[in-house]
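Going by the order they are written in, the chains are A, B, C and D; count residues from 1 in each one.
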């Protein structure tokens, strides 16, 4: 497997590392021979990073200490993705992946791809034997998403297509779908055709008006059952010797997550 | 792959299906020739379930309609696990798996295994090339956990050992760890030995006293960095044509999730 | 002032006290000469309660210790109200009272009264110079509400009327209003007539469909500005020497609170 | 009563109004003859405000529309207080006032006063017959608090003293107390002396370490019972014709609220 997210313990020129100073200063850095990495904490020589290796400490020219970490999926979600659109947050993605039962070998539909943030998560979990089929109707995002996926070595598990899933998709017998679009009620017939019987779908829905409209459309369609909706709230806890407490600022809402499973419409 | 969680679309005698009436009436049912499934909604003939197939509707003797669904991971977490201990909830597990970057091929440490609820999730995500090494110091739970894992065909990806990780583990160079025990601060040295440099660990921590004690121990140990803690709150939304609204009752707290990554202690 | 909620420090026959054993065993008890109070913790003689006085400890026949407390408003909300309808919770009432700026001297409209739970809170805060005008269109609740208010000595600050505010109210130039009814959008014209210019109103709204409908009606009416909506979530923290942690069970939703202030419609 | 928070419906020179454009543009403005009020929405003549009156619309020189509102307590909490310290938020204050049963006639202890934000709320609810005794050990804040209280006409219900309540207070037989200080466990003996038997106290506690320490001190003191702790979370809902949804940003934590009631220590 050549995904960079393999928890490897060697690093080499051409790869990326996470240079970690503290929870606010964490940088994804490409290892290029003879280059330097600079921040407000001072300069680090990349050759020095290579010499020391993963998990080690490096000291900057300003005598600050940093650690060399192997990047995880979350580092790319937090720091590595060039974001051109609103993305689904990790708190929601983890729950969606678990609820859909996505795992190695799954064939998954995604709409819309945007900058490839969700796509990266899906590809990570379906590899090495599954595949993600992503649709995006804003042409300018497709190259950005592909480049984000290539950066982490996950592009081989993904096919991104230019198009609007409301007009149908090419795939059939898919294992699951994730839909993040403004008018998902228009895509129900496409989903019904593309999914295996019993396969689950998750819709990401920002507003109450959309939630009501989607529920009513699914309720009338009759091709989906086990309908549920949730909100995931994530609270960060600040850690210090003096005071451990939930953070003052919190993301109060991203979206509602609406789940359903395809059933065969009785005729 | 022979995990039952493969989103297959055929069913056969000997396997399980989810018989779904409504969000409260959902049953994991083993398909045995000539048998019947009974509930307050009436009786369903198992042979009839086989004949109709996944995604189809069946009608009970009381004229109630149910749907035949292929079980997902979440169905086993919600309905299929014989729970002998407090378990980590899906809302927390999805976030932990994402934050640790667990994926196919990972070698993961788990302590303690309990009834195998978390183990099942880990095995699902590391298959087919990874492995879960679970430790449990209460002998009576080990067979229960093994049986729960065998039921879903995930036992081959798991080794469960009888023992207390505070005294050390056999494995080295592991990719990640999940620790759910009352005194995790006693296991830091074991974790430091077992994990690869840079590998992440998640601790599940019910109380504030434990959170403070763990933070202080990690802070003093110097072998772990990128320390963060979170709480995940899940709010279910009730869906109906008349009233869509968050559920009156909610799980207000399960535990704090504490993350860290191993770094090489400077000598 | 004769409200029992006056934080007095004497007790006498005929009044009520809170007998407190622990957070689950707390009882509002009327002090009747020669009577006994019994619970699973044993028997307490009422004459003994009188003799000891507020703040003292009493010991039951089973040698359990209880404390004699002067009842507070919250004790009546939690324990003392005969509830015949869904009530607005303390977490919401405290916020509403603060946001509306209700205080001594205010003249406040309430619809509907139900069992008088909210009415009691309003009367407590407007006394001794203000007044609550409550409307209730279910005749059977009116006597219950009156009796609940008389019990705490707040009935003199309240007038309860049988009627539906959608058809108008008698009062004019009111300082504030609290509306808890299924179709509050039908009451906007009544509210516009009854409130002083600039006076605030709070609507308690359980579902998303109602919230949307109310917002659209207020938006079209043009007689209300400074429109805001909130949800208040209350998390109880369990306290013990061994483990301090948020409670496992929590009320996840009661209702949305929608605020607006009357402005003069331009003609 | 001369508090400006009396929901009056006349305005006059020398008083303040709230000039409301939209939820972000709301200004407390003193009405001074011949003066102008300017914002990015244009200029309003104060004489024109007086002429039109409370609840009316005014049009700016840039043709923007604003409404003239009588300020409520919440407007001073949100906009009118010169804040020199961290304050307790309205979501917490409403709940505290309700739980303590504060109402007209109560005699309440407050420590520390800071800029007088909480003091203003307490004075509003105890007027006209109650009184707030506020202690502040940072001399420079006392004049600020007094000036904030005088601005709304509530200064006559408050006595602010320079001092540290850990060394005792002059008052006895108080009805309630609100304590917002870093080391409240040092003030238990003072509170025990100052409160009536059975009288309630609320402590505002930012961190987990403080919560644990306070609980242990109260548990050992034996002079306080009915101990409870809560967190209040407030979620704002954004309202628009296109999308009603909880706000993206939310205050995730202000503090824990810890309640207890004084009981007579058995000797």
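Throughout what follows, a contact is a pair of C-beta atoms (placed from the backbone, for glycine too) under 8 Å apart; a residue touches a chain by one contact, two chains touch by 3 or more.
Just so we're on the same page, UniProt names per chain: A, B, C, D = tRNA (Adenine-N1)-methyltransferase.
These figures come from a predicted structure and were not determined experimentally.
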Taking each chain's C-alpha mean as its centre, the one farthest from chain C: A
Euclidean distance of C-alpha centroids - chain C vs chain D, Å: 21
Intercentroid distance (Cα basis), chain D paired with chain B, Å: 46
Chain B residues counted as touching two or more neighbouring chains: 208-209, 211-212, 235-236, 244, 246
Graph class of chain-chain contacts, one of line, ring, star, complete, other: complete
In the complex, chain C residues that touch chain A: 208-209, 211-212
Interface residues, chain A side, partner chain D - complex: 206-210, 235-236, 242-254
Chain A partner contacts - residues on chain B that touch it in the complex: 1, 3, 5-7, 9, 20, 23, 26, 53-57, 67-70, 72-74, 90-91, 93-101, 103-106, 121, 124-125, 127-129, 173, 175-176, 196-200, 208, 211-212, 215-216, 219, 225-237, 239, 241, 244, 246, 256, 261-264, 266
